[in-house]
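Chain nomenclature is as follows: A, B, C, D, E and F, assigned in order of appearance, with residue numbering initiated at 1 for each chain independently.
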Amino acid sequence: MWSFFHKLGSPPWLFRISGSLLRWLAPLAFIALLIGLSWGLLFTSPDFRQGNSYRIMFIHVPTAVVALAGYYVMAVAGAVSLIWRIKMAEVAMLAAAPVGAALTFLALVTGSIWGRPTWGTWWVWDARITSMLILLFLYVGVIALYEAYDNKASGARACAVLALVGTVNIPIIYKSVDWWYSLHQPASIKFFGDTSIHSSMLYPLFLCIAAFYALYTCALLANMRVEIIARERRTKWVQRLVGEAV
Amino acid sequence: MSSGQQGNDVSLATLLLLILRRQLLLSLRRPVEVAQPLLFFSLVLLMFPLGIGPTAERLAPFAAGALWIVALLANLLAVEGIFRSDFEDGSLDQLLLSPQPIYFLIMPYLFAHWLSTGGLLALCSPIFAYGLALNSAGTPVLMASLLLGAGVMTIVGALGAALTVGLNRGGMLITLLIMPLYVPVLIFGVAGVNAAIAGQSAVPFLSLLAGLFFAALALGPLAIGAALRIGADN
Amino acid sequence: MSSGQQGNDVSLATLLLLILRRQLLLSLRRPVEVAQPLLFFSLVLLMFPLGIGPTAERLAPFAAGALWIVALLANLLAVEGIFRSDFEDGSLDQLLLSPQPIYFLIMPYLFAHWLSTGGLLALCSPIFAYGLALNSAGTPVLMASLLLGAGVMTIVGALGAALTVGLNRGGMLITLLIMPLYVPVLIFGVAGVNAAIAGQSAVPFLSLLAGLFFAALALGPLAIGAALRIGADN
Amino acid sequence: MYFESLNAALSMGGHGTYVWTAYGITVLVLLLLVVTPYRKKRRLLRELRGEYRRESAQQDAAQSGP
Amino acid sequence: MGEPFLETVDLNIERGGRQLIRDFSLRVNSGQLVQIRGSNGAGKTTLLRVLGGLSRFGFTGSLHQSESLLFIGHQSAVKALLTPRENLLFHLTGEGVHRGIDIERALASVGLYGFEDVPSSQLSAGQQRRVNLARLFLTRQTLWLLDEPFTALDQAGVLLLEDRFRAHLQSGGAILMTSHQPLQTIQPDVELDLSGL
Amino acid sequence: MGEPFLETVDLNIERGGRQLIRDFSLRVNSGQLVQIRGSNGAGKTTLLRVLGGLSRFGFTGSLHQSESLLFIGHQSAVKALLTPRENLLFHLTGEGVHRGIDIERALASVGLYGFEDVPSSQLSAGQQRRVNLARLFLTRQTLWLLDEPFTALDQAGVLLLEDRFRAHLQSGGAILMTSHQPLQTIQPDVELDLSGL
């Protein structure tokens, strides 16, 4: 167990493993995404209430779900890097931020586009939408903070602290926003929840969610590998690697 | 070594009192900076009648929200500089070097800032509440919630200030860092006042705020201390 | 003397362009900083639905006021430091020593500041206006009034900053005098938007703002220049 | 294939613009997400190669110096 | 005095991708004056901040210092809003409250008699520096880390400061300082030049 | 070269209720180096700012200076957010735009070769000072007013600067400077001590 942690902490090992992992996970993710999206886009029958616009769900929901999970990945990595002083956890945290931000952005945009035909508006202050917006700000905050530091060693730690504080707060924020929304429940239709998803739509949806998870992992690892090289530039193994890469 | 022990001999209480006096004196030396949140407060509240017409029945339902938003913005304005000048003139280094636990040394900073923003606003809020035709039933709850909420916002804001203290352009970044964390405070605060107006009990909301406050008070200074050590190292 | 003539030989235009580039570079040093004002706006605006309520009928009456308040806030936050860093690191002395008329040398400062706060906000205000459910009839007026108003606020704010630049944050009573000058701008701006929404003509308000703007533009730099000379003399 | 014609697939009963733009934006962002790390990596490797060359050159100079 | 006030072994410091300090070892004992020299940008300040425990990242090697020390850096650490007296009273070094009479004596001994209650913003560059250095006459710390203590001081000020150094060393203290000018009336026990590294 | 670059007669300066400068007369001609000395708080900076036309109030007496001069004060006048290159490009002295090649040469001649594009916030105290002094290698002004130009500079830096002074004087310029250390390789033509006043 500890030896495993130890290994995780060792850059060359992580670099090698992530490389071999990417080699088969990346194509898999790509294929899954291709199948899932085209399935949802072209091969399912339209929703009886929303017509074809619901096909956006096959991106919207997976991105939203993965974006949420992504914040916890980032925060846990930050915590580990602070508590156990594991450098690679720090790398993971830094790598997770842009990926999560991009997915959150997608969830918001696709949702917003979806909202136009379904509710006749680009934007509503629904609870989940609002918390998603806040999540985007949390992600961007981490990125901006790191960018703002000249001394990257300090910057990474600062981000870890911020991410950690964010984790403590996210449940509170979510609960409070949910509850705030329930306070002034608008007269119009209840947005989520009763969208009864027909089983024929479920399979492609699950496939898409799985595909997005896989894609997230790939992007995360790829970002980590770059950061690892940058940090280990003074070590023998990186110099060898660079020599080979010629 | 004598020096070390000596350093610890000093009772922590006297030291905290000393720092507190320092902070208060500093804020008294620039009265307008202290008054600025209030000024801003009154200026903004001038806007709301403009937006929705000055009649009481139109203003009243929004009064609580408006007051709370402004309090939040005022706090945001002030908190950014809580550590800045000490960093720039090197006093912060002294603080970080002192043998006493940084956890406590931060407290006076927070307390002084809380007094000069939250305390002040809470004190004056009844006047503004009257100006916005807030149902008088809500006023005491408003004051209490502002006091508690300002505490949380001060601690969270100080964390943001500490994280950005080393960067010679903190101004807008800090907003991005701390505003999301202000959200629950705002929601509970407004809800409490509105509940009181509606004749329900505001206790649950106040106790929620109190919970947030004490949680922040327990954990906040730890994070702030760590953040200061990091920020000062840039 | 050669030196003197040489100093004047430099075409004023090139010099102003140079200073403008400097100011813009300083305000947008890093890629993220370009986005920061926008993030700031959206974050502050996010507080309004949370404080007042998510439904359009609750938000709409506030939209104009809210957007204007954010504009003012952003201006306040930024303008206070428009000359400070130049004063602290001595660049301001250089500016005052340069043979060209200070009246013009100030313009780039004002323009850059106006661009990076008012202009940007005005540009993006339609999006935010949509989010706050502002009646779309008001949007164009909102943009126009924000552009003009930000100009006035920048000049007035710069005057305040210049007057207080030398007093190192000590008893800056001048802000007390400056703040009220913001009020008419806010009133005209919000009133104009509301008029447009109510289907009346917003022209009178906009022309009032324009009047203020051009008056400020004509007299402001003179006052600012004088204020800087005094302030730098402390 | 649910749609019987390409046009039907494109129009999607009036919702085509929404759906296709949503998918389009998604594909774009995902592409960026995947491509950036690889471009970063290539740039970094090139940079490091230069750095190592410079250092080795300096070391040689230092050795040949005294 | 057994254990040293400060000891570091094989210290390596990197900043901005450059290796500033390589395999640096130092041991400061009671009564010792260590002067660090080196060209601009050699790494003196960086080294001093690491040794003082102010920057905790970006270096490798063992480092152990007496649990409390006095650090005076480039910046004046003088609050322009406060008078010299207040500046010394409300210091943040955690040494507790100084008696008013001590403060006045300290200010007098740095030649600021009569300036106790002038706003520090109105003091000259050297006078502000002196306010900060007055802390050397108040502190009870034994290990001093001083970064360019002589900047902005006139001749008299320099000699005054060196006298204080001598007294401190005789009373068993230790000083680690950087300076571009050579000392005039004292001989440093150890003299390091970073330019070479 | 007829008229002097700077001339003042019976200058009296008062600050904080104290008479700092009394009946001070000075005349700086082409090719002259004037060094002002004096203890901390004697009034050197104040005097220099008055002579430079930076503080226009609180003094009596006639003052006439060449309509444009170069002033370098206590502060670094270096923007931490900008790189050294940008700092020299976007200077505010109203001397117009310097050519990139000139800027690089100036930076090189103050020993900052290779630091052109490092954020100035990451430079050492002395390096920042050098960025500011690089302006002496760019300017075309003839009259220089320098307040403590040697602060934070190492030995090499001091000599470098004195060489630049010599060149400037030979080319018909004039320098009015304050300094606590005596100059090493040049003799000032006029040496004033304010402590006496």
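Worth pointing out:
Here, a residue touches a chain if its C-beta (ideal position, glycine included) is under 8 Å from a C-beta of that chain, and two chains touch if they have at least 3 such contacts.
No experiment lies behind these values; they were computed from the predicted model shown.
By number of C-beta pairs in contact, A-D leads over the other of A-B and A-D. Centroid distances from chain C, each centroid being the mean of CA atoms, peak for E.
As a whole-number value, the distance joining the C-alpha centres of chain B and chain F reads 45 Å.
As a whole-number value, the distance joining the C-alpha centres of chain A and chain E reads 49 Å. Taking each chain's centre as the average of its CA atoms, chain A and chain C sit 37 Å apart. If you average the CA atoms of chain E and of chain F, the two centres end up 28 Å from each other.
For chain C, residues touching at least two other chains, in rising order: 29, 33, 36, 39, 43, 46, 50, 53, 58, 169-170. Contacts with at least two other chains are made by residues 74, 80-81, 121-122 of chain F. Annotation for chain D: no residues touch two or more other chains. On the side of chain E, the complex with chain F involves touching residues 15-16, 38-41, 44-45, 74, 111, 118, 122-127, 129-130, 148, 151-157, 180-181.
Residue ranges on chain E touching chain A, taken from their complex, read 15, 57-58. Against chain B, the residues of chain A that register as touching in their complex are 82, 134, 137-138, 140-141, 144-145, 148-151, 154-155, 157-158, 161-162, 164-166, 168-169, 172-173, 175-177, 179-180, 183. Listing the residues of chain A that touch chain E in their complex gives 151, 153-154, 157.
For chain F in complex with chain C, the residues that touch the partner chain are 5, 49, 52-58, 66-71, 73-82, 86, 89-97, 140-143.
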